[in-house]
């Protein structure tokens, strides 16, 4: 049996069903990401696991033990709240030291650990500041430090990096991964950022509307979406109807199915053996940094195409362009 | 932004300060000037204050009042802290009813209250007799007409006040703080000790100040119960300014002024201590 | 996390009983024929109430007291709430001064205050009854202050004001639309507290307007010398009136919201 | 403005001294009302008095109840804006009011019937009625009502004398006890000693001898003014309580009317005093259990029933030296604390 | 003169200088992004512009008028708070309607506008919910709707999309841009997401430590960073010392300068005319979605390389690979 299993959990607020018979299981030491649109129930699921919200139905087991009715503090579960929930009457240092004090650690050890973790998240110079004196990102880092420092068996992170810039964020992703692997912490990480989800997780649970839409490794989810929802949500795929596919390939194809998905970066400038070609005109160009996104009009159908940002290979506005796509890069759904 | 701000603020505060000047400052000035005048309102003197300081009778009344006020305020605030919290656990419609009832009792004081306690615990009080029927002499353990009885009755009129004043502050506690502390291994008790309580502390000490002052000035209830058996300041002042015996309003005023100064000092000390504890407040 | 509600039930029950006992005792005394050396009264009667309600002065006194206190309370609320708000939010430096001012009323014996006020205002242009209202304002200062402040502390009033002002609300609008609804329950609680304190005020009213304006407390003091049963019935009647009044205050002030809720429910159903 | 008011008062004074009763009555009717302080309907049957004044002279009336000290404060602080015309104060407040210049003198038609000790030579104050310290016993609690101060000392019940630091009644109780043990208004040591002994026995009750407390049976024996005792007795249950004047010694004191110097209705106030000292007025007071100051008023039989027989009063003495008593009274609160309450457990 | 100018603003809390003599100017109808590391002063700057925090020094002018001392409500500035600041006693609908009511709009018009904006941000079915009944992202959208609906002259947005997933986010970026252009609103947009900044803004002000580090169009900032800070922050550039450059190119180059920056996506699999080559071994592979990030070890130096995610062109772990880089893609700083 898995380390953490959630068995047919249902949760509703009034007559709104927020979690619908949801199950998942996570191995010890795994880092799993919950990904899903805003309001799909990610925070609610974490709160249920932590024991902060009682499910209407279903069971939660940790390490073969049913904990459905255990109070939060006996679950050995840590959590970073989406809204931080820093203690307003304590400095950053005191906030972070709080959990360690609860473990009755010695003053010296606490000092050492707190200093180290504050250093890690980069707010050591704010250790004597109170939460209301911190910027948004600093608050978030304090909240992260507070839950990581106690090294819980299971750590639930509700969008723990959402207020941070790419630099700190990437750094913290790496650090979290390291800590997690070193200590064998089982982590559930909520994020709305698919790039983050892909970069950090062993597996991704993609949620939609209180249910699990798809589970798998990042690559599986990315390359083998099993539904239009996954394709749109994870890959920013071009989702096309049969008619649209007919149109862009001039009906010269042998695909079956009703709905099709093509990743925007799957289009190549150069042809290969088994490929189709499309011919379109550039309608819009957005530079996203390392990526340039083109909107191509292919016979009345709008297609998103993403290319690396190479200064010497830019396609121009209104330019006509032929691109190629591998056959296996066209995914079809029923 | 600053200058505009002040104009707006001043405009809003104008009626307040006007009322204060007319109805608080005027009596205070009268009181101070009376406290500085000799018997029958003649001349200027510090004699009244000197008398307060050299006469152990007045000193004792300060001490007794301070003791009973502090004890009853503290007991009141402690109990009320729990009770007000328990209130928040009920449905809001029911809370309303509870508060209404508490409010009603907050106003139950003076002679009628003392009399109600006499009915319950007096020489032939309901409980006195009930206990007697079980062979227990209540008065061996408890005398209504003593410090114990007095404390009980002070607590009675302090409690509702404290509950009413403390009730709203619990709304400011974010449930998430509690959750976060539980997940970090804190018990409910620890949460309250380390976060909840420090957070509501300013309101609690503020309430304590009010209760303390309220008890220092309380008069009717104590008087109806123990008369002058326990030497209390308000009874002293009352005797000096409004008795049926020879009055010495100047001395009474001096006592009142001293009382005011004491309360101010207590408040400032309280404030100072609070800032030591809650360093996040500027 | 639904846990141990019974603890709170027990706490509240014990507390309520402690508060209720003296009132119950008073009530029993008010319907007792006589009650001296027994656990329960010798017999029961409503004659004390009959005697009381037969007296037109009782009803008159109630009415007067009601008018005086309600009138004063309106002014008190209108002045105090904005004052405490402005000071806690914009001028926290003045807070210490306010705290001191607020404690003063306790240190001034009623008679001394009365003497000062009589000296300043007797025979002047301000009618004495207004002076009484002013004195009332001072008397309930501590409760209004502490009550309003405690509830302001419980909402992030500074941030909410900012948001409202940026949406184009004037300070007054922002205050009435956003802050006020959030601290309303605190204001109501302290207002009914203040209201009942004023309802029970005796010394000042008596010395300032006395015989020409007999309030319920003056009436009570007068009749207290006739019989303990009678005065108990005055006390009980007085509390009943008080509860009814406070109940009305609460009802009236929370009615608006109910209507609003209902309206939004209707919208939802369509 | 100041000078003008001076002359005004002088004028009133002069007028008061020279006017005939008819003229006063006439002017009082023109004034049409009288405002009193501390003369409520229920005290000493003032209610009847006001009613008579209204029916006979169409004087409208209103009263504000308060303590003696408050009465003088009110007179003083209101100054020319007086709202009170006449008040009723404890005997030692009479001279005080006069010294402070708060009073308007008026001697009534029966001036000479009032004993010397009970009036001011110039007419600034005059007692309307007296009270004598008496014992009020709840026979439910005490089978053998005490008759002398020694009976109480040797009893096994609680004794309530009220608040000695504040009330006149209580202070006179101490004085009466002192007198029974050889003390007087200059020396109340023996009175304090007497109560100290009771306190040591644990029998000194702190409770107020109010009607409610008596009714509830919380008081065994109370030391009170005779008029209060009789009133309480009749109000609660005539057969349950007994009122006795201590046989060995007691003390007499009384209440005096004072007319406000700045009264808005000075003639009505004079007329009220006139009426109070008249036969009818005195009988009214007796109906309210107060002992009329005029000895020569013939009380109707039903009224005689209500008061105690004259002979019980033979050992009751008035205070002779007010100044000395004032001085002593000032000391009492503290002495009481130090000498008596210290023994209360 | 520009529409909004900020002239040498300084702000400090106690002895911490949060804004240091900072100036900027924005044209009417422009959308400018403030980008910068957590704690650099972005929120503080917005609050100063809105009049919520008084600067210690400096001036703010809008439309040629000095507003430094004007109260917030007279500035016609709207703001989305980083912490949302929704009114807890009002439903979503009432929150959004608040500003319109202040404008004394008719009930019908308010109804119409609120419904439309709630639809736009996708929380119309939550209109009767109270803020505490919303998910994090729903709260954020309510806050956004509330400030946009009043159509202020200047709109300050403090990380208004940080709690939203890529889908909604992209959609809202587009919508915001449309509204902004239609109504000519001048917007200052704070974000920690450089991709968002590049996608949405006319110009970017990059802040660091209370000062402006660089200003320019997204492309300028991306392709022509004028400092190591910009290079690291915006482009996720490989920043290399002279010694490292010598090492990776085997000293076969003619670059001058001490510090160099190379974008990770600048490396090509195929050579072109004026290019250098590097040869390294793959140490780590991260799939970020449309991008795959490789860590290449080139003679002791770690280089980040980003390639489009093409299933048939993946480099393998431990594979030796030669890549090419255009000469102009190596930027040097003094």
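The chains carry the letters A, B, C, D and E, assigned in the order they are written, with residues numbered from 1 in each.
What we mean here is this: a residue touches a chain if its C-beta (ideal position, glycine included) is under 8 Å from a C-beta of that chain, and two chains touch if they have at least 3 such contacts.
Predicted model only: the values in this text are computed from it and were never measured.
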Between chain A and chain D, the fewest steps along chains that touch one another: 2
Touch-network distance, chain C to chain D, counted in steps: 1
Chain pair with the greatest number of C-beta contact pairs: B-C
Chain B and chain E: spacing of chain centres that average the CA atoms, whole Å: 56
Distance from the mean Cα position of chain E to that of chain A, given in whole angstrom: 20
Geometric centre distance via CA averages, chain D-chain B, whole Å: 36
Shared-contact residues (touching 2 or more other chains) in chain C: 29, 35-37, 111, 115-116, 119, 155, 171, 224, 228, 231-232
Shared interface positions of chain E, touching two or more other chains: 71, 83
In chain B, residues with contacts to at least two other chains: 5, 111, 115, 119, 124, 238, 241-242, 249
In the complex with chain B, residue positions of chain D that touch it: 66-70, 72-73, 90, 92, 96, 99-100, 158, 162-169, 171, 205-208, 210, 212-213, 216-218, 326, 329-330, 332-334, 336-338, 341, 344
Chain D to chain C touching residues, read off their complex: 35-37, 40-43, 62-66, 69-70, 73-74, 77-81, 83, 140, 210-213, 215-217, 235-236
Contact footprint of chain C on chain B as seen in their complex: 5, 8-9, 12-13, 15-16, 19-20, 22-24, 26-31, 34, 79, 82-83, 85-87, 89-90, 96, 98-113, 115-117, 119-120, 124, 126, 129-130, 133, 156, 159-161, 163-173, 202-203, 206-207, 209-210, 213-214, 216-217, 234, 237-238, 241-242, 249, 252-253, 256-257, 259-260, 263-264, 267-268, 271, 282
Residue ranges of chain B touching chain D (in the complex, touch as defined): 40, 55, 57, 60, 111, 115, 118-119, 122-124, 145, 223-229, 231, 235-236, 238-239, 241-249
Footprint of chain E on chain A - complex, ascending: 13, 35-39, 42-44, 82-83, 123, 126, 133-138, 140-141, 158-159, 162-170, 192-195, 198-199, 218-219, 222-223, 232-236, 263-266, 268, 272, 286-291, 306-312, 326, 328-329
